[in-house]
Structure formats: structure tokens, C-alpha cells
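One structure is given below, represented as C-alpha cells, and several questions about it will come after.
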Amino acid sequence: MTASATHRAIDAVWRIESAKIIAGVARMVRDVGVAEELAQDALVAALEHWPATGIPDNPGAWLMATAKRRAIDRLRHRKLLERKHEELGHEMELAQEMAVTDFDTAIDDDIGDDLLRLIFTACHPVLSAEARVALTLRLLGGLTTDEIARAFLVPEPTIAQRIVRAKRTLAEARVPYVVPRGDELAPRLGSVLEVLYLVFNEGYAATGGGDWMRPSLCDDALRLGRVLAELAPDEPEVHGLVALMEIHASRTGARAGPGGEPILLLEQNRARWNHLQIQRGLAALARSEALGGALGPYALQAAIAACHARAHTPEETDWPRIAALYDALAALAPSPVVELNRAVALAMAFGPAVGLELVDSLLEEPSLARYHLLPSVRGDFLFRLGRLGEARAEFERAASLTRNERERALLQTRAGRCGDVDAG
Amino acid sequence: MRFMMLMIPRGYEDAAPGTMPDADAVAAMMKYNEALQKAGVLLALDGLHPPSMGARVSFATGKPTVRDGPFPEAKEVLGGYWMIDVKSKAEAVEWASRCPASKNEIIEVRQVQEFSEFPADVQEAASGFKEMQAAPRRGTAS
Amino acid sequence: MRFMVMVKADKSTEAGVLPSEKLLTEMGKYNESLVKAGILLAAEGLQPSAKGARVRFSGSRRTVVDGPFAEAKELIAGFWILQVKSKEEAIEWVKRCPNPLEGDSEIEIRQIFEASDFGEAFTPELQQAEARMRAEVAAGTKG
């Protein structure tokens, strides 16, 4: 193998193993920053030795053993260790740990717990959302600082600083290095899911063309979501989020036309949907539902997406079911935008008059005041009810609110189709 | 029953890295894909980059050995696949026949193994596999 | 990136011989490791070619030949689809696979075409579309 081929292979091994190495060492040193450094030391050692010796049969075990040895060395040098009684107990744990040199047979459960601890710590709410995102992508996603910077359209030093500060904040806040339990679990899990969904949406909104680091964020979020689903299989909202992401991602190939123009869901070419991915999404949703209890917000959104995904053609869409799901979502996580979506579903299921009633109740909503989709939707209902003069006014208002040229043109066309009818 | 339709384009074994399909052929294929979709039989489809961009891993009894493509000994290679869900092999063959393929292409139709077809002890040993399969989920409450 | 990882058939798979319990168990563990790593997109086995067919095309004519295809050296017995960052990562995962057959075997790794491979320049229109989609995702009202 050439030197560069070996390096690329080592890179590949690193992508597969790095999160586990960091997680395993973090359990020992209880500091993610130090853990990352020690893991990097192991990588450096690999880069030095493996070109000559070849990549070992079990590269993960080699890296883990190397990193943990460095961890022991560093801990022994820490004077604190001698002074605190409870840490003496900790040192005995470590000695026991190193006595178990057969890392091949390290129980999967241990690694799973370590990874969970790492995920929860990187997503700790003491950190800002953007700090959590950067730290998670770095420690768990295996992305380099440069890759994260390119993905979020931010200079690399900014991300580097963000990560450094995040590690310092965690250390200074003395965040305990544990998997949250009991009452703590739900909000902490919510924080993790929020990070994954943020990463996913950043990637989902990027249409590509330029740097494909951005849309690949969807892959990163999905992979981490799937990993989490295996680590926390009894958490319905984890499966719900994975389902939501798989189903949304399944439409990537159909969402934009050749010129980059966005294509509405109901107009997408469904042959371009990734059906294997849809099946995975439906399977994840089924896992969520099988856990029993009422569906949470992610699972509800996934169930709505699933209704669309199951329809082979737009005409087959189960609109009454979608409307019912929006009812549940509105009860759980109400927002004007959810209400607007609910109105659209109600209109599709039960006719435009029903939708109009709901939309009319939203007209005073301050958050929707400049939102072009409100008059656009209202215009559509009025058009379908034959109230063409009012419909035209709404389409024109919507056109004036949107900053997107294509959308404006589309709305003006719709206004034009209302004919020259006087309002009323 | 699930079937793979494996597209075997003659000559693809010699295709250089970065070879792109012809735009007209893609357009014709998209119409075909839409027909599969509208009929509700489409489970999956993908195109594959040529073997010159791939690799082969051999498992002689011992360690795995890796070779990068191209593979001069391969006279037929896969260019892409569909997975469809139909009632019979005859139906699968019928769909394959409707593909706008050219004289240089063969479509191989192969039935996908269903977990439930295995004997009980095999199912036991391979438990968990079912969840990984791309089988359509009928009859789930949602 | 996605890769299709294909196990080549041999006389045993073509004869419909099922893998040993030992191999099944090892393969089960391997598949589980792929799931735990979040990278397994699909895993399927194929029935022997005796249960299959080949369709040849000539103009508007179609010729169907039933299997088995004994002379074909490149038959597939099964495949995975993996989501990874590079070909090297796919290779690394395949190296960790237990030998899928009882004798010598070969696994082929092929990269799957993505929509992005048909590349388009990042025009101002695309940039605008991107900004719009971002807003719509936040609003949750579009596809």
C-alpha cells in the first residue's frame, strides 16, 4: 500500500472509531476536551506506526488501548489524584480497567454507555445551541473544524474558538459526566434531539450546487440519530426524530427543478423519492409507536410526513388523517404556523370553507403579519370557493410580501387567473 | 414478492471514472421510473458509478485483500438496479421488459429472499435481520 | 456517499444452500454493528438465479431467458447499501465482514450515483432557492 493510500485508510478507520475512542477515554478523565486530545495522540501514534507495520487487524482496539494508556499516564501525573479520597477510588477503577487488556471483548454495553455520556455532555444545555452543534459534530460526527466551518458558512477560526470555549464552559461548570436519569432525562434528551434536528435542517435547506458539505449535514444528523436510536431504543421521540429526518431526506432528489426552483410537495415527481429511505423512516415511526403512549411532537411530525410518503400519487393522500395529526400537534406544540398547516390539511380533507374558518382566526396573529403564505393560503381557499375578487386581493398581497422572484411570479399568475372581478 | 431488476450494460466494465449517463437515456429512464412509481411497485432504484471507481475485497481463507477497480476479468458488471414489489416472477419480467433498455443492455431479474421463507432455526440465528430489510410495511397502525 | 456492497455468488449459493448457523450468527453480529454505527441503509439476499430470468433487448423485441445462468461469472448473491464518507471507509467496513461464504469469496464495492453527481453550477437562482427553502423549513409549511 502506498503511503497516501495508507493515510486514507487510516482516515477511514478514524471516522469509524474516533467517537468511541473519545467516549471511552472521557469516562476515565471526565473531561471531553482532554479526552479529545488523548484520542488525537492515539491517531498521531497510528499515523507514525501503521505505514510501516500495516493497519492492525483490529485497529479500533489498538487505538483505544493506546489512548487509554496515555490517559492513565496523564492522570497519574495529576497531583490532585493523590489528594482526594474519592479520586483514589477512581484510580483503583482505572487500574482495574487497564488490567482488562483484552479490549476486543469490551462489552458493547460499556461502549454504548460511554457514547451516550459523550452525546449528552456535548449537548449539555449550559452550552449555546451553536456551541452544542459544533462540539457534537466534532466529537461524535468526526468532522474536522474546517468541515464544520464550511458546512455552516462560517470562518474556520470562529468554529475553532467556539469549540475551545465550549470545552472550557463544560469544565468550568463542572458538568458531571453521567447519563442523565429520572426527571433530568427528558429535558436533556430534548436538548440532544434539538441539536440533531438543527444540524439536519441546516443541511436540508442547502440545495447544493456549491459546497456539498452542507447537504451532507443531513447524512451526519441521520447517522447520529440512528446511532442514538440503538443506544436509547426505549425513547419514542428518538425514533420519531429519526423517522422525520429519513422521510424528509427521502425527498431530496425531487425538491428542486433543473434551475434550482423549489417544487412543492404535491407537485414533486415521486419516482425521485428515495423509497428505501421512506421504508426506513416508516420503520422508525413504527418503533416509536410500538413503545406506546401518545405520540410526541417529533413522532407526530413524522406521522404527518409518513402520510405523504405512503401516497403513491398526491390524489391518494390521506388528508383526514393528516388533519387529525395536526390537531394532535396543535394541542401539544401549538404555534401559528402549525395552525396554518392544519388549515391546509382541513381544507384538503373537508373542503375550503372549513380551512377558511381556521385561517380567518389567524389574521390577527402578529407572527404571521408579514408571512406571505398566510394570504397565499387564504387566497387559495377563496379561489376554490368562487370568491374571486377577494382571492385576487390575497394573492396580490402575498406577492408583495415574498422576496422570492419565482414565488412572486407564481402568485401574480394566480391573481391574474381570478379575472377582472370586483371585490365582494 | 420482491424482485431486483439488475441492469447490466455491456461495456460498462471498461468505463472510465466519472463516466456520466447520456441525458436522453436518463430522460427515458425517468419516464419508466415514474410508471413504476405510479403503479405502486417501486421499492428502490439506484445507478452505480463504474467499476473503475470501485473496489473488490477477496476473502481467501485468511485476511481480506483489497483491489481497486477496474477489474479486467469482469465481463459483465452492474450499472444500476430497481427493486420492485409484485405478485409473481412473470409480473417482474413483464416490468423488466418495459424498460427502455438498449441492445447493449441486459436486465437480470432476481427474487429477493424474504426472511419468513427461512426455516425456524435460521430465523432464530438471524433475528434482527427482518428490521433491516426494505420490505414495505403493510398494516402498521399508522 | 452511498456504496452498494455485493457478495458474488458461488456454486453453494446458486444451489440454494443456506449458510451455517455459525456464519449466520457472525453475519448477524456484523449487520448489527452496521446498524449501531448508523450506516446500514439496506441488506438483502437474493434467491439463486435458477429462480430468476434475463431479459435481452433488440429494438422493440424482448427475449426472456430463464435462469440458472451457470456461465455467468458475475452473479450476485446478496448486497448491502452503506452510507459512509469515503470509498476507504466502505472498504474498511467490508474488511470487518466475516467471510460471507464457506470457501473463497469476493465482495464488490460500487459507489451509488447521487443527484448531486449530475452537478449544476451554484447559480444566483439556486442561492435564492436555498434561502427560500431555509425559510420554509423553518416555517414547516413546504415539502
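Going in written order, the chains are labelled A, B and C, and every chain counts its residues from 1.
We adopt the following convention: a contact is a pair of C-beta atoms (placed from the backbone, for glycine too) under 8 Å apart; a residue touches a chain by one contact, two chains touch by 3 or more.
Since this is a predicted model, take the numbers as computed values, not measurements.
Looking at A-B and A-C side by side, the one with more C-beta contacts is A-C.
Centroid distances built from C-alpha atoms place A farthest away from chain B.
Per-chain CA centroids place chain B at a distance of 7 Å from chain C.
Centre-to-centre separation between chain A and chain B, using Cα means, comes to 30 Å. In terms of their C-alpha centroids, the spacing between chain A and chain C amounts to 25 Å. Taken residue by residue, chain A touches two or more other chains at 272, 276, whereas all remaining positions touch fewer. Touching two or more other chains at once are residues 44, 83, 134 of chain B.
Each of residues 35, 42, 81, 91 in chain C touches at least two other chains. The part of chain C that touches chain A in the complex is made up of residues 35-39, 41-42, 81, 83-86, 88-89, 91-93, 115-116, 119-123, 125-126, 128-130, 132-134, 136-143. Listed in rising order, the residues of chain A touching chain C in the complex are 8-9, 11-13, 15-16, 108, 201, 204-210, 212, 215, 219, 222-227, 230, 251-253, 255-256, 258-266, 268, 272, 276-277, 280, 301, 308, 337-338, 340-341, 344, 371, 373, 404-407. Those residues of chain A that touch chain B in the shared complex are 57, 269-276, 279, 282-283, 285-286, 289, 303, 306, 312-313.
If you check the complex, the residues on chain B that touch chain C are 4, 6, 20, 44, 46-49, 51, 53-61, 64, 66, 73-78, 80-81, 83, 89, 92-93, 96-97, 99, 101-103, 105-113, 118-119, 121-122, 125-129, 132-134.
Across the interface of their complex, chain A is touched by residues 30, 33-34, 36-40, 42-45, 63, 83, 131, 134-137, 140-142 of chain B.
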